[in-house]
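Paired with subunit B in one complex and with subunit C in the other, subunit A is shared by the two complexes that follow.
Moving on to the complex of A and B:
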């Protein structure tokens, strides 16, 4: 079985996000990148599948130079091949363009499964996996928390999340593109020494060339959410905050 | 002039419309009412009966039936919707920003040659332009975008509109038709719907919840949360990343794919307030949030907030509560 996993670099939302002077994008120099969380889970799912049956896993690292580091980590975790897809800053998060760019390379490699996160932190349009599936003429389902492939490799059984803790069990004909919500176990760690070794020894291919010109959604204005407007903030050290919380709980009759 | 059309693709499960379907109808109704546009609510099902007499805020409810539409199947939905939407040629198609809407957005976008705007909290029209406000980057940013002409597809964040406006005091025109396209050979087959198991604590019934977010940092710190919850007479619940790490069982997850709760107290510790989490707890009677990041969106919905280190706060707070209760 041949599996591809797409790993996108997205802004780390735990860090401060600075809006650029144009008022429509993030300030490039201020962004800290991390691998999209759903994509990390997709990678874990691929490695779980590989542990269950004969499979080769290709990691496709999308973004700036940070994507090369993500690929080294993926190799250290156990993927077999690494493909770097450089994407200029202004086109990151544009899934329509990205899907059109990735589709020919993914099609020619003939994967049985293409996995990626169902959602990316920086996306404003449709999810990458669903768009990619249309370009590849493959079935797509997303929001998955488990994937079990048949030994014959012609179908997989997946679990899809619905609101209220419900799960749908769905059979998918392969090849297919799947949008992963979370893997069956937390993403594994790769030791620093293994990552360093992978950086030195891995053979990384590169998908070069300009991104296709695809008409997408244009952001006219980017703003920070109006944070802190509603909550009444309790100031002071831990002792004072604890006193403040206890006072509120007593006033409200909670304790 | 023929009025422009807004089509709502209504989500449903187990023979009931989902809350997000009514919220999406509320959005469509608000938009269409002021402009004199026409709202069609599309419901794709196997059995039309539960949906035929609903007083939905649409001008017309179109129920499309086929045995393959009994449960959500993205391949079946896509086939039917591509066919119907080409016929209806709407200006706007509204879906929920959910596990259902997200499956359909890509295929519909390319199939109909229309842009998709996801994460929408607000949709407006100015003349011919459709204007969208969306949440980005875990709710920390808001993006405004516009589609000047032609069809647009929008995914609406659950909880953005009042679902009560999605119903009116009359039943609109209801048409029932068989699927216009054959759905026998599909690459996806829905096998079974699994209801959540409730052998653990039922967080929807606990009046006081201590919510553990990513900021609790490690599994070892759950114990301190448990002690605080016990002192308060409540239980510990969690955000998705905490559950994905297996620090707490899935039954404790609050948010879009977990539980929706309305406790008397929701004490959010190290919770950033990503939109999909906020959906599940925003109607709590009292929300107190502690997060070291002053920009965390949880402070938008919290009544009270603090930016101290929660790992230092929790033992102090637990002792204060215990002392108060004379323990």
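Moving on to the complex of A and C:
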């Protein structure tokens, strides 16, 4: 079984997000990147599948140079191949464009399963997995919390949690594209020395070339969220804030 | 070097399996690692281990299992993650086997290398420390944010800058809200003593001791060491002052081994040398009964028991009382060796948290204040006080905070 996992680099919100002078984008120099959380889970899911049956896993690292580090971490965790897909800063988050760019390479490699996070922190439009499925004319299901593939490789059984506490068990014909909500277990740890070793030794392929020009969505303005008029901000020292919380809880009859 | 006699018998037959032999060879190549082979199986380590009762493999049994070629049994044991690196074992060992530093750390290295991984809470601390340089996942750029509330000017040493004293603030002191009060108190004391000091600010990262040296993440330690050694090398200073005994230990031991020799002192040592001046400058009486908790990394591990006590005794009217287990016999707060991130893992296997035992000991002395010299102990003991029903009866205070109060420096915080 051949599995591809798409790992996108998204802005890390631990650092303050600074809006660029154009008022429509983030200031590139101020952004630090982190692998999209859902994609980390997709990687874990792929590695779990690999532990259960014979499979090769290809990690597809999307973004700037930081994606190379994410690929090294993925190799340290156990993926077999690494493919770097550079995406210029101005096109990140545009999943229509990214799906059109990735589709031919994914199609020619003949993967049985393509996994990625169901959602990305910086996405402007629809989820990448669904758009990719359209390009590849493959089935898609997203929001998954587990994936089991048949040894014959023609079918996968996935679990999807619906709102209202209902769990769906769904059969999907392979090949397919899956949007992962969370893996069956938390993403595993790769020790720093293993990651460093992977950086030195991994053979990384690269999908070069410009991204196709897809008419999609355009950001006209980016600004700080407006604070809701009803929000009450508690400020001052710890005692004062604690008193405030207790007062509010009492007023609402919670305590 | 590991003597071959341990690996093969007189007839040349192998007595250990490959995995165990390889493990012992690796330990023997580490500094003082060969002492493991001198274990006389007296069991002192296991008797003094504060969590030995909950271990299927105590340190003595671990060494015994290795000699029997049963390393796989150790890999399956939870005991590897119960060690809190309190150094009671090594301190008491008649032959000085470095149990946490070499035996436990090497077993943890293997678990990481074999893909077994680490308990999830500790994994998160590792990942954050690698990414952000602190285990809390806070922005490295905000490491000096506390200086804005200090009420005094705290110089940040940039590349090429110099100061007499480089103050290594540490992760807890920089980011933890509660510890920041003590960091500010120390800054004000240094200013009051007219010490020419500066901090690294955003260029400082975790020293590496806390999440690494006895925790098996040697790659992470190397990564942090190289960053910090490079940053230290870009400033000029005569000595390093540290607030966290774990950083003190890292600089004193591991950095030195790797070629970065620093003249480093814990802040209690630095200030104890100025006790006469401090005494002269005291403005306020603190008529309270205080008991002092010896931090493992400062006390047992680095032999400093008196400096914090000397400092407390500079405060007018303060009465220092001792817990029955003090100095080298002090009970660990349970936060070392990565255990600060393993509280629930350890609690599930022991049910009697060490910090709760310790605050109860402190309360039995009749003290109003449990004074500490390690930033981890503030949140650990404060939580334990709440859980033990001692809220309102016992307070935890950093020695620096009490000294600053005596000096009348706490206004406006």
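Just so it is clear, the second predicted complex is superposed on the first by the 245 of 255 C-alpha atoms of A that agree within 3 Å, B and C clash if a C-alpha of one lies under 4 Å from a C-alpha of the other, contacts with A are read in each partner's own complex, and residues count from 1 in each chain.
Definition applied: a residue touches a chain if its C-beta (ideal position, glycine included) is under 8 Å from a C-beta of that chain, and two chains touch if they have at least 3 such contacts.
These numbers come from a predicted model, not from an experiment.
Note on subunit A: of its two partners subunit C and subunit B, the one contacting more of its residues is B. By the touch criterion stated above, A:97 is placed in contact with neither subunit B nor subunit C. Judged by the touch definition given at the top, the superposed model places A:242 against subunit B, while subunit C stays out of reach.
By the touch criterion defined above, A:68 reaches neither subunit B nor subunit C.
In the superposition on chain A, A:232 contacts subunit B only, with no contact to subunit C. Look at A:8: by the touch rule set out above, it reaches neither subunit B nor subunit C. In the superposed model, A:194 lies in contact with subunit C only, and not with subunit B. Shared-chain residue A:186: touches subunit B and subunit C both.
In the superposed model, A:127 lies in contact with subunit B only, and not with subunit C. The intersection of subunit A residues touching subunit B with those touching subunit C, taken from the two complexes, comprises 14, 16, 186. Within the complex formed with subunit A, the residues of subunit B that make contact are 13, 18, 20, 71-75, 98-100, 102-107, 109-111, 115-119, 134-147, 153, 158, 187-196, 208, 232, 240-241, 244-246, 250-251, 253, 256-260, 264-265, 267, 272, 285-286, 288-290, 293-297, 299-309, 312-313, 316-317, 320-321, 324-325. Across the interface of their complex, subunit A is touched by residues 112-113, 115, 117-118, 120, 123, 126-127, 130-132, 137-139, 141, 217-220, 222-223 of subunit C. By the touch rule above, subunit A contacts subunit B in their complex via residues 11, 13-14, 16-17, 19, 37, 41, 95-96, 99, 118-119, 121-127, 129-135, 138-143, 157, 159-173, 176, 179, 181-183, 185-186, 215-235, 237-239, 241-246, 248-250, 252, 254-255. By the touch criterion stated above, subunit A contacts subunit C in their complex at residues 14-16, 34, 78, 186, 188-189, 191-196.
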